[in-house]
């Protein structure tokens, strides 16, 4: 059978293929097709890397034209036309209209590489070693990023001590009535706290992997104020929820605050091609030439995709479109999902939403929902503590009909499986 | 002017653009063209990522066809047709003929990510924390990889302690008559050495960034024997000199030994697209699903490129071709370069060669040579301690004429600048 | 002048001599005499090492007799009569009446050595690396102990990262309404807290150096319960407030809970001689012979002193005596001190008390009080955050008259200096 | 039976009592007596803490007089008459005649505390983190000292990573023809060695615990020169072989070089009482008041002992005496011991000597010799790798007759047990 070769030769570390047990072939927009022709609505969007849909036609034509013309594909950090066009477009469409004055570092093309670069930079600038990070946060799998990632199982895979990081509860956390900003303030003011002033605080405006936990604008403003007052750099990891996912291009626009360093990856190339950038206030650019490098930091196809994606995002007024779809999802979840079980809660912004089952007394419920959705033609994953949150993250460009269809599949899957739970309970 | 935007908005960390001061546009084979139409022979090959030349036509057609058909581009670790074809081809062309029994992990698409994965895996398997690494070695810029990288300036950019690693002199090192294997053996047998038995030894068969230092086959065999006897995993970082660079597909074939874990990246995709894989003996595959992950570990365009590149490599009998060109370079350097100055030495294998200026008393000599080459239409870089080695690393597919042309440019650049040195000396 | 030799040849690290600027000569009970014949009441008690007074006559005679008989003075961990007598007496007077089933480790003769041994042991037993410690806590200056000590200035003197420790607010902390036990519970139950389950929690029942912060019995019981439930070892550092300081021999008796490991030093030898012991539940004694050692772990004079001190403590019913004096101090501070300024607070137990000036707006007030006391014949020190607490810690054996005299000197010193502050303010 | 209480209540960590299985009572000079009246010659000298013999009468009288006069016993770092007298005598007898310009830090009273202080100080001065240490070296059991101790079993007892230290082979090491100074030089000059320039190098002139390995004067001079040239602090841990053990007061006098920092403990108090000091060149005294502290750093009885010991050492011309006895031991070992087995080697200086059995093919031979010696009335221990060295370390004051007697017991014990081995072999 056609999957044997994977099972025999691909490492056991493979994961998504276990839930989405097919061999995939083509994809377009919000649809993916398996080899056998089965069709799936995609509420997963490449873990956030496909905000503009699979094989977005506008972007695709630009990439094809570039390839066909034998333009340079791999450029390290040499100057290229493709990079210049990206910088120009990024300034024009994104930075200047928002009056954001950032310089751009082109990192190795993965989110974790941008995280590593930001931590190095913060430590280099401040000559301090500590980083404050948040419980529930996810920043990557290489050693520096893993040290600021809170998932204990992932951390233990490093096999060594992950040091120089202090974790704090997030804006929204399982601990009731815990005011993290107040606690940080107390720690920073206390010469006997055991915790030195850090180089930086790294945060996500929405913890996507952490279970769609949403920081309130007020909390983010207080975090900014605290960082400023203590001379701590504030790093926004906007890798999963930037690039328009929450509506505006950057997710921190929601709070009206400006981080010192911003990390983008995943959807920045617009086409699922590896790329990451680090934005920093100009005075923070203390790098020496080549001090941080990487073979693929000049992935030119990704630059072409990124430039096209910015144009596409603007031309199609995706910010508005996301708001419209957000309203739909919010209403659907509120009216059609919450009513299914009193233990359910929902939260979200733009086109990232979570349905939280942590108060439903069935440890395997989300796994069952994910499986049932898949059977019915929807690709969706669970996230967060004990995987208790179903995370909705369709392409921003999804047609309303497919959005509705996906939501219906979720509703049905929950209904089926929650009912099963209740039935079992009633017999119990 | 057209470069202003880079200088104003791109981070100071940019490096290669300072030596190769042009905006580049098109490239084909072993030639790169600047925006203004200037043409350069490429002896740099994307730092080893372009073994099959820029925009290799065979690979390009496969990638174009894939893109045009709206096949899936971003697949995380889902099963896809593109990945299956790669695995099949890799088995058929590479692993099976060499009787190598490896499983494949698709890592985040950068070399440093594969290094990080290998260190995690070795520590997980052995439940030990230490790693032995080599002076002169380079493995990447994320924290785990940086810890096994020997360049002290790069290391210090981390801003924190890089621990759990012990460095040893390499096979070829500045320390005369030092037998590293004997020393390791003594350390491992001594309960008072202060150095615990490590999880793994990570090595390159040729230290490319380290200045084209070449491990002897005998040394590698002894390293393998020592690792086996002590139950230490042996990791071969074949990122820069694998994929045919030295002639055979894997660079360790030269020694007739088999590492426990092999890391490939750079040229594996054949087209400069980000991709990396980790090969491991099947019994080492103790990963749990998702224990190491990454958004771009399923870069499908790279898989298409990689499959095509393997075909291309085999069809064109590149192994033979590299041997032929190696003979040319060896002879040229021996006859035409060594005669220029008694302080020069050369070393190399396949199509990676170094001209070592460390005995030439002019600290800036290699920089002058690099600049002069660039003025005369050759892209080449220096490497190693104090950048004292000129590293020749053209695409494996380079036409003999261009190879000769590049070598002539180097010869002339050395002659001009060494003469200058001698003249100054004679006046001094 | 007679102090020049210190100033020229003794390291700048010397500290107490700066506040207590005399050369000291003789001492007896709660009195110390300088070379010039000046007499001081001692409310400092050797930082807690002289609970039974200077040159306690009962203990002294035992030590003299031992010395005169040429009995062994230095015994490493050989069996000696002196050690056997100590163990017997310790069982008889301390452990058995309290139904405490501990084994005894004789550590290197300093508190910090016992702390180091306890952390090693906890990590060895649990095979975990982390330790939970408390803000405000003090455990010593060697690297392992310093890592669990919260004072940031002391920590920075190590010059390297102090890792594998997580700090939490103490029972009584500057952060209002923070429930540490609840927070620990949340952290331990959260797979995304970033904080692994620790090997041990180390705590003081009263943070003496931290400013006489007192854990409530209820808090200690909850800490015990939490540790038990999660399989975490609970280490009580009773170095400063054990040996009868709070009334009962162990300070944790106040809470009716039993730590897994208890550390004693300072007053255990009864005569200011270096000694420390580690008590552990028998099942925790997983040490291999010689796995932790130290040249002076068999300081026989200290064992003789310690045996005599236990006898003295029991014969003189010091527990009752402390209660009586505690009542006096409590009343004096409440009636005579609190009335001096509305910003003052007091706290204490047994014969350790703190007068907290942190709400008095004069950063140097405690330093002035300490100086004024010294001028008037009282040795006393400040402690805690910003040294804002005056710490009363006389020998347990102090005569009531001297206790009153010392308290009067404090009262007068506060009155004089608080008045000065107020006057300046009224002019300001 | 009288040892039960130890076996039931004292931790399993106890070690020497297992070899010297008696309860000890009195001791005088080089003799120790067990409770039952058995008499032992002492070739162990409290692991180096009893250079002037047990209960040295001259020192004893000074201590008794001090105790009887109710002089202060515990003084932290206050100025006391006892400390002043020690400083004066130390200047007069030791530092000034040797033209040594050191300041004195009184550390917590254990060797390991002095080691910890020296490492902190070196890191503070240089703002570097690394330390170079030697294979075979022993410096203590607290975490900082353990990190520079090479014994892997001891190290693993810490349960966490011991970082920021690089180990090098010692002057005399199991690795033939290894020139450590040359290797260090190469490492320090190599920007790709992976090893940063350290804050300090810590060394022993003779590795006592390491098996009586002796650094050559030439090697020490080269170490000094290398340290000077690279701006690295040189710390001499003279804890076990200082205080006259090798003849001159400091063991480094043998090489005619001067360390930047010198650590003394063990025999400095002259009477087995806990005390340690750190000597540093005046310009290195950058400590802030109280930056390193410890409750027992003012052990006044030890100061009295130390002052008397210096007087005793000088009055009795111990340096000459040691030379005389050294000659005896050297001759005895050469003539009477080496002849017993061709696998034996000896090495030593002053009154520390090792008989090395590592070439005798019987893993348990030294244990048998130690046991047999004990049965015949001699206390002696084994040391070094695999405990293969019998270490002779009698008090410096030992009577020649007892020295001879001890040597004879050793000879007999070796003869008996080596014969047994040979017999078994000849039958085998």
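As written, the chain order gives the labels A, B, C and D, with residue 1 at the start of each chain.
Here, contacts are C-beta pairs under 8 Å (C-beta built on N, C-alpha and C of every residue); 3 or more make two chains touch, one makes a residue touch a chain.
Quantities reported herein were computed from a predicted structural model and do not represent experimental measurements.
On a CA-centroid basis, which chain has its centre farthest from chain A's?
That would be chain D.
Compare the two sides of the chain A and chain B interface and say whether they are made mostly of the same residue numbers, over half shared, or of different ones.
Same: when the shared numbers are divided by all numbers used, the fraction is over half.
Give, as an integer number of Å, the spacing between the C-alpha centres of chain C and chain A.
Roughly 50 Å separates the two chain centres.
Please work out the Cα centroid separation of chain A and chain D, and write it as a whole number of Å.
59
Starting from the mean Cα coordinates of chain A and chain B, work out the distance between those two points in Å.
31
Do you know which chain D residues sit against two or more other chains?
Each of 129, 153, 160-161, 163-164 in chain D touches at least two other chains.
Please name which positions on chain B make contact with chain D in the complex.
129, 133, 135-137, 149-153, 155-156, 161, 163-167, 169, 174-175, 178, 182-183, 186-187, 190-196, 210, 384-386
Which residues, counting only chain A, touch chain D once they are in their complex?
For chain A paired with chain D, touching residues are 160-161.
Which of the residues in chain A end up touching chain B in this complex?
Residue list for chain A touching chain B: 2-3, 5-6, 9-18, 20-28, 32, 35, 46-50, 54-55, 60, 63-64, 67-81, 83-84, 87-88, 91, 103-106, 108-113, 116-117, 119-120, 122-124, 127, 129, 140-145, 147, 153-154, 157-161, 163-164, 199, 265-266, 271-274, 278, 280, 285-296, 299-301.
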